[in-house]
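Some structures to go through are shown next.
Two complexes come next, and they have one chain in common, chain A, joined by chain B in the first and chain C in the second.
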Partner chain A sequence: MQQNEGLLDSVILRKKILAFWHNRHVSSYQLELGLLLTPFLLGTAVLLLLPMLLTIFLAFTSYNAFTPPQWNGLQNFITIFQRDVFWIAVRNSLVYVSFSAPLQLLGALLLALLLYHQRYGVREYRIAAFLPSVIPEVAYALIWLWIFNPLYGPLNKLLGWVGLPEQAWLVNTATALPSLIFMSCFRLGEGMFVLIAALQGIPPAYFQAAALDGGSRWQILRHIILPLLTPWLLLLLLRDILLSTQSSFAPVYMMTEGGPGYATMLLPYLIYDEAFSHFRLGHAASMLLVMFVVMGILLWLVYRLLGGWGYTDEI
Partner chain B sequence: MSRQQVLFFSLLVAFLAACTTIQAPTSPVAEEGAVFTELTFLISGDPTDQTAYQTLIDAFSTEHTDISINLINIPSGGDFRKRLAADFAAGTPPDVFLINYRHLGHFFAANAVEPLTDYLAASTLIRTDDYYAEALTAFQWQGKQMCMPQNISSPVVYYNKDLFNAAGIAYPSDDWHWDEFVTTAQALTQDQDGDGTADIYGLGMEATIVRAAPFIWMNGGEILDDEAAPAGLALDSPESKAALAWFVGLQTEHHVVPNAVAEEAESSLSRFVNGRMAMFVDSRRAVPEFRLIESFDWDVAALPVSQQRASVLHSDAFCMAAAGQQQDATWAFIEFASGVEGQTILAQTGRTVPSRKALAESESFLDPNAKPANSRVFLDAVPGMRHLPLMATWSDIEGIVSKHIENAFYGIETVDEAIEAANQQSAEFFPVP
Partner chain C sequence: MKSSFLESLLWQVAAITITLLFVTPLLWVVTNSLRPVGLPPPRTLEWLPQPLAWSNYSTIFHLIPLGRQIGNSILVSTVGALLTLLTASWAGFAMVQLPKRWQGWLVGLAIILLMVPSAAVWLPRYVIFTLLGLIDTYTALFAPAFMGTKSLYVLMFYWTFRRVPQELFESARLEGASALLIWRRIALPMAHPTALAVLLLTFTHYWSDFVDPLLFIKSEERYTLAVGLRMLQQMAVTNWSLLLAAVMVMTAPVILVYLIMQYFIRNESPLTRLLRG
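Presenting the complex of A and B:
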């Protein structure tokens, strides 16, 4: 009897030891995870969260970079809302994002549909399509400054050769903003690769079944590909809306400085100009806060209008 | 690679990074026991300027072995001002910086610049009487001399003598009138291949309030309603409006200046340097670049006059940051740079018109062997010289007015529309009476 009890005790002890080691293993894994994530989390906190909180605070202060910020409630918002140039910048920014992000997505989708099959030479085409995405923003702006040159640029030369009227591009108030939108449409390499990966993940059986049923290419696209790509398309659209807003600064700074007139005055450039040319960092922070809110509303609207993430099954 | 290995390498990298100390810039070795002072000096200029200021620093260092100066050059003027603002915001402004008076209002209003009046009074090396009063007054705020002007430049007409010779046109005289200026520019504007677009333009000029200002003043107009206590613009007075209409008409009516498309395709500066523009209005800053031109001969002429002579001051000054920790050493440098030796070094670049009267009248500036041959026009302009207002909000006002002058110049707005829009948009930046 005592021997049995001793055996039972030893079994319980063994189980306890195993449980201890198992628990220890889990905490060791969590520790590793925590250690590996720490640099990133620290960077996020110091470089993103802290400046964001400071921006929210500064939006309610009068701050000129020379003297400490002074609380002034909603005065910054009242002032910027009374300025025409602010509303011009909001309107231009919304126009820019509304065209740039969907066009980038459409371009990425078309290229992905063209290039997702493994064929001879397709890799080179993919690299060519991806190249504009890896060029630094400043260099990209300078290249397009040359392309848009109204007298010596290749774009107008091309139009001249095919008998179309040459354009003033960045000089004309009617074409300046569309020109910036046009140049943004070629930075679609990342989106293209995401969609190629998504397309390659669609089970071939779906296409085979559609072919057996006599489905046309359009029907396959409409009823199989697009529904299955919806989560990816929405993800890319939300991402492109955010990136379009951020990446609009470099072309405006390098190419137009908001002109001609205020035709290409976008919020990121106006915020920069307000902060560092006119030393009104409080106004700049309040504009930034408005931009956050507008972008948040836009993202929410897009998400709601497209009915959320759509098809949720794994593909 | 297992998880343990990843963790090990991550920790190793973090450990090595933590062990690495940032190597502070080494200072020149001072004599044992001597207290060494390090200053930062922020400028905006091209490589020629950078070399000249480094020469200035080296000359200063031979006399002041206990002071080391770190020169920081931000080539773009806009980026320079942004860097300066960021440095002030961070609480680490440069000890001394060189800046145009048009951008100083913010700094003076925020008490960010240390007044130099007391230093000047105590100086045995420099006296205010040695400098042009027109330059000194542009840097005075509430009765105090805030910065020491380094130069006293103004816009002049650079002209391509070869193009004048080819067209059989006499070089500009010192007292030419607006009408003569226009007819000369028209005669020099040429469409050589007959495609309807000028291949050589008669004139190039920025469409800004800085360039338009002398013409407004020449015509008896004003930019502000009251220079002492401005409450608004005065561009809608008949004299100012007529001057602006004439200025804008150079492009919209006479077509002697490149239009917006031609200017976008190639800047007027580039056209002049490449020999495809006969006249170009700029300040003394263009001289170092133009001295490199070998394909044609050039010189400078005074601005054409209307009812009276007038010009606008272009001047940069050495300013001391109020938050600077080494103000005595900083003053020693400003004093040296503003003295005879310092200004002589800078005058050799060709870029500056010295603010010291005696030096400006000497061969250091009026060097007969260096272009432009007619450098005296810069000095002749001094008696009619005025400066743009020194206000905390002037950069806003200047930006708005220049934007609408440019719109009118390139035909986007009429002169009346431009003036009305400038009045309306700039109103919030004037103090409420």
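Presenting the complex of A and C:
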């Protein structure tokens, strides 16, 4: 009996030790997991979160990248608000985004409606429509600089061939910004694939029921497809609006440098110019802040105007 | 719904027309990159220049140090892609094994980070890199790889690893395997398609990156191809055939990678497709 108890004790002790070791091991395992997660979290903190806080700080300082920043309150904002070029850039940026984002979305929607069925060759057509979206942005800007070139560019040759008058495109103040908007419309591959995926997710029974009820194609599009796509369309529109701040920089930098006059002066380029040509990093930071406040207001307006996420069930 | 022959025909015509709209500019670029240098501007639309000047492609290598720039681009893109593979798959692997509540938080964070446009961080990153002494180094160019380049890649790995039965990780852990070993031996081999997709996407991301080298690289011998193109543009303003040849040198690898992805990566989550950009 005594012996047995001793045995039992030792068994219990061994179990306890094992459990203790096991627990410790689990916690060290979780430590290892934490280590694996560290690069992502630390990198995000240093490269995304810190920069955003730094922008807010720099917006209220005078800073030229060589001497330490000096706090100067709202002075930056007063200065930039008094500059005409700033307001021109704000207006141009709003014009740019209010045409390019919806046009990209419309193009993506039309292409998705055309290319979502399984048909002969559909895969190749989708790949082809995506091609302009994969071209590196410098190369894309140069290609379009050539296409728009009044003398050498194929666009004017094409117009001449059809019998239409040739244009000066980027050289003319009236057509420069529309030209930039036009070239951005072909970069719609991602939107197209998202919408194709969304369309393929609509249960075929919906279409069959509508067809049985004698609905025309337009009615099916208007009353079934579009309402079901609303959340996706809204999401893509918000995304395109935000991304326009980064995608509009390279074309302006490579093709027009804001000109002719200030016809294509957009905020990202103006901010770049302030920061890296004139080394007024404080001013640039306050412009950056204003740009994202304006973008925020725009996103909110679009969200409200389109009535929130619409139908969210069943997709 | 069975469609009639006429309808299919109409559809094919529409699809081909629209496709041409998207492909023709690129075809023009290819043919006009072969137009002999020094010709007067064309009078009409030139589909195929005569004679074909293949020498354009060697000329640009003499005009600017294109070979060196390609080398720099390959270096930065390769390091960036490999580093991203490590950090993004580590993060995704760690996330799936954390408590559910933390997973939710981290996924939420990753999705919010997706919405941050890079324009928001160009300027402050310049300030931070100046403080860290990273200006004019390759490290400044592939620095985003330390956080997985884009949180999207972390999410891709997270979603992939979540489809793996968690008991596999669990049992290996009870055998006493370390997290790194489980990641290396069990998790990563099960995520081959995702890993390949992330490698290719990040490679083209760093290859195409223009703003970062423009801002962070000062000395010409560290220029990447993207900035080299700008350099060539300033040197040969009206020499369109040369510029277009350089455009092709930069674009062809990206298109190749894209076609490889389309034909070889068949894990058809819609996500693998919308990831570029």
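Keep this in mind: the second predicted complex is superposed on the first by the 276 of 315 C-alpha atoms of A that agree within 3 Å, B and C clash if a C-alpha of one lies under 4 Å from a C-alpha of the other, contacts with A are read in each partner's own complex, and residues count from 1 in each chain.
Rule of thumb we're sticking to: contacts are C-beta pairs under 8 Å (C-beta built on N, C-alpha and C of every residue); 3 or more make two chains touch, one makes a residue touch a chain.
These numbers were taken from a predicted model, which means no experiment stands behind them.
Number of chain A residues touched is higher for C, counting chain B against chain C. Contact with both chain B and chain C is seen for A:N149 once the two complexes are overlaid on the shared chain.
Look at A:L243: by the touch rule set out above, it reaches chain C but stays clear of chain B.
Once chain A of one complex is fitted onto chain A of the other, the partner contacts of A:L50 are limited to chain C, with no touch recorded for chain B. By the touch criterion stated above, A:F276 is placed in contact with chain B and with chain C alike. In the superposed model, A:R91 makes contact with neither chain B nor chain C.
Of the two partner chains placed around the shared chain by superposition, chain C is the only one that A:Y120 touches, whereas chain B remains out of contact.
Comparing the two interfaces of chain A, the one with chain B and the one with chain C have residues 29, 32, 35-36, 39, 65, 149, 151-152, 275-276, 281 in common.
Against chain C, in their complex, chain A makes its touches with residues 25-26, 29-30, 32-37, 39-44, 46-48, 50-52, 54-55, 58, 63, 65, 111, 114-115, 119-125, 127-139, 142-143, 146-147, 149, 151-152, 154, 157-158, 160-161, 186, 189-190, 193-194, 196-197, 207, 211, 239, 242-243, 245-246, 249-250, 253-254, 268, 271-272, 275-276, 281, 284-285, 288, 291-292. Remark: chain A residues 29, 32, 35-36, 39, 64-67, 79, 82-85, 149-152, 168, 170-171, 173, 259-262, 275-279, 281 touch chain B in the complex. Residues 1, 8, 11-12, 14-16, 18-19, 22-23, 25-26, 28-29, 32, 41-46, 86-88, 90-91, 93-95, 97-98, 106, 109, 113, 115-128, 130, 143-144, 146-148, 151, 154, 173, 176, 178-180, 183, 204, 207-208, 210-211, 214-215, 226, 229-230, 233, 238, 240, 243-244, 247, 250-251, 254-255, 258-259, 262, 270, 273-274, 276-277 of chain C are the ones touching chain A in the complex. By the touch criterion stated above, chain B contacts chain A in their complex at residues 3, 6-7, 10-11, 14, 78, 81-82, 85-86, 88-89, 106-107, 110-112, 260-262, 264-266, 395-396, 399, 403, 406-407, 410, 412, 425, 428.
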